[in-house]
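Order as written gives the chain letters A, B and C; numbering starts at 1 within each chain.
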């Protein structure tokens, strides 16, 4: 049974007396590529982490479909802005998530190799993961996530540290993973990327959801002033 | 996982627990003067060859040596302070105090002898002259046999040196360390002859006073009381004492020479 | 004074070249005692430090301060405590361990476990802060995180272990009290140096000191070779 949709209700997060997320309510449905868009400091990364369960909100609820919270966690994966690679081979990194789940060695290696093939890293399998370029490491992070066959893939500004060429590769891989059945939830402050990737846009500003609508409608006819200002490049923070 | 745990425990056991030996050795708690001079290196192999018993020597200050024996961590004790030895036996930790050998203490000092100790008529006068001249004196200060003998000298001379006296340096150290310091400081000190002769960092120091009977230094051996500490190797300890006091042990002692000099003089009474 | 005496350096060469029996006995015992202590200290200290880095528990801050303070335990103090414990008049006297290499191993293990644990905690903590989110996301439990971080930090942890070894091989206070410096039974390099110094044989003591330094160098070199430390691992493509 699917764990989607994900329902957030009135989620609030504060720190140092400041409201970082203020009464955020939204629904993430299945089969879509949702992009959380907004200027720097809008609270996108925090929101993503709350969805994935890495942070707990001060108030409000985060609910996956179904009763089993642990099961819900195991069916998600996340890729961060800077890839975290272990001091071991590319193949071992790709298989690490499966190793944690206790999957047997043969199956682990098979699935990891498949993920490496998909991300074009099969030739580097025996190499030390730390010797890869940043772009390649990010692809490896995607391979590691994909090997778990997640239902939801979260990505936090995955191409912010990459050059345009690598960015293109990552976006293409995200598309492919989506094609294999995963829902995508991604944050970005890059308008162009949002246009290329999104099926649905959640526009976040100063910790509040300003607008949530299908991508086409958002980019063509945003309903909110702030959205329009952002699209014009006037909202920098 | 279990195999790894078992292997680790096996390694631990092998490393930690003492190895089994064919003939159980005895532990001899003694002083640095007997060990460092080389006496034990000379006589103990003879004992082991005859009896097959190995002797493990722990050489520390007399006070510590007695404490080790008192705790039952040694089988036999050989030190050189009569009062402490008699107390040890009286309190039930030792079987019997048996005199074995003697030598003497000597007063050491810089060769220019600033306190003019060399012409003193007695050991007492020598100590008095040191105090009168405010000459540096290095004391072991560690409750050893030598230290107690030194304190006895001051007492007999009616002097009570302390830390307030700048010339009296209480080191709290073994004989060797005290000698190193005395030589470096140019201080007088009291030392047993055996240690001095075998000491190789003499510098410009020399024996400035000797020969007074008050400087007589008696060594005695005592078996740790098996009634107090049942685990001690009483039989082997007895064998050791018997050998030491027999003509074989006694001649081994007198046969020990360093730089052509005899360091210890056997004086055990013949035992039945 | 110094004119006719052979120099310490020459004595050292002669002892080593001639494979002096007593020297090999002492060197062998020093290595056996200190390496064993390092083994046990690592067995206890590495996971202990990692656990303190990963697990949250009440009083953790105080525990860390205590652990760091224990790094400075005086060897002679530990020697005294172990002596009192292992003495026939003490609680563990029945084991008959006093004045054996076993007692020396115990004392040195107690001495260096805090060092290994404190450094392990520091190293693992650093890695933990870097990896935590990704490991959490992949579903790692605290125990799994511990093992992963220990393995990932293995090069840095080797340095921590070698720091422990250095402390052990160089100390004399503890092994003298619990070992007794018995010839051919519990004599090690440091107690031999102490003994020769007290006999006034300063040149020999110096020579032994040089050999001790050489020994420590050899062990460190061996470890460096094994871990390939400092070698650049195919950095750039």
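Following the convention adopted for this analysis, a residue touches a chain if its C-beta (ideal position, glycine included) is under 8 Å from a C-beta of that chain, and two chains touch if they have at least 3 such contacts.
Because the structure is predicted, anything quoted here is derived from the model rather than measured.
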Arrangement of touching chains [line / ring / star / complete / other]: line
Leader among chain pairs (count of C-beta contacts): B-C
Length of the line joining the C-alpha centres of subunit A and subunit B, rounded to whole Å: 78
Subunit B and subunit C, separation of their C-alpha mean positions in angstrom: 33
Between subunit A and subunit C, centroid-to-centroid distance (C-alpha), Å: 46
Per-residue overlap in subunit B, given as positions that touch at least 2 other chains: none
List of subunit C residues in touch with subunit B within their complex: 1, 32, 36, 39-40, 43, 87-90, 93, 95-102, 105-106, 180-183, 185, 195, 197-202
Residues on subunit B engaged by subunit C in the complex (per definition of touch): 8, 11-12, 15-18, 27, 32, 36, 41, 56-60, 70-73, 174-177, 179-180, 198-203, 229, 231
Residues of subunit A defined as touching subunit C within the complex: 49, 52, 54, 73-74, 76-78, 80, 84, 86-88, 96-97, 100-101, 127-128, 130-131, 133, 144, 148
Residue numbers on subunit C that touch subunit A, as the complex places them: 130-131, 133-140, 144, 148, 151-155, 233-237
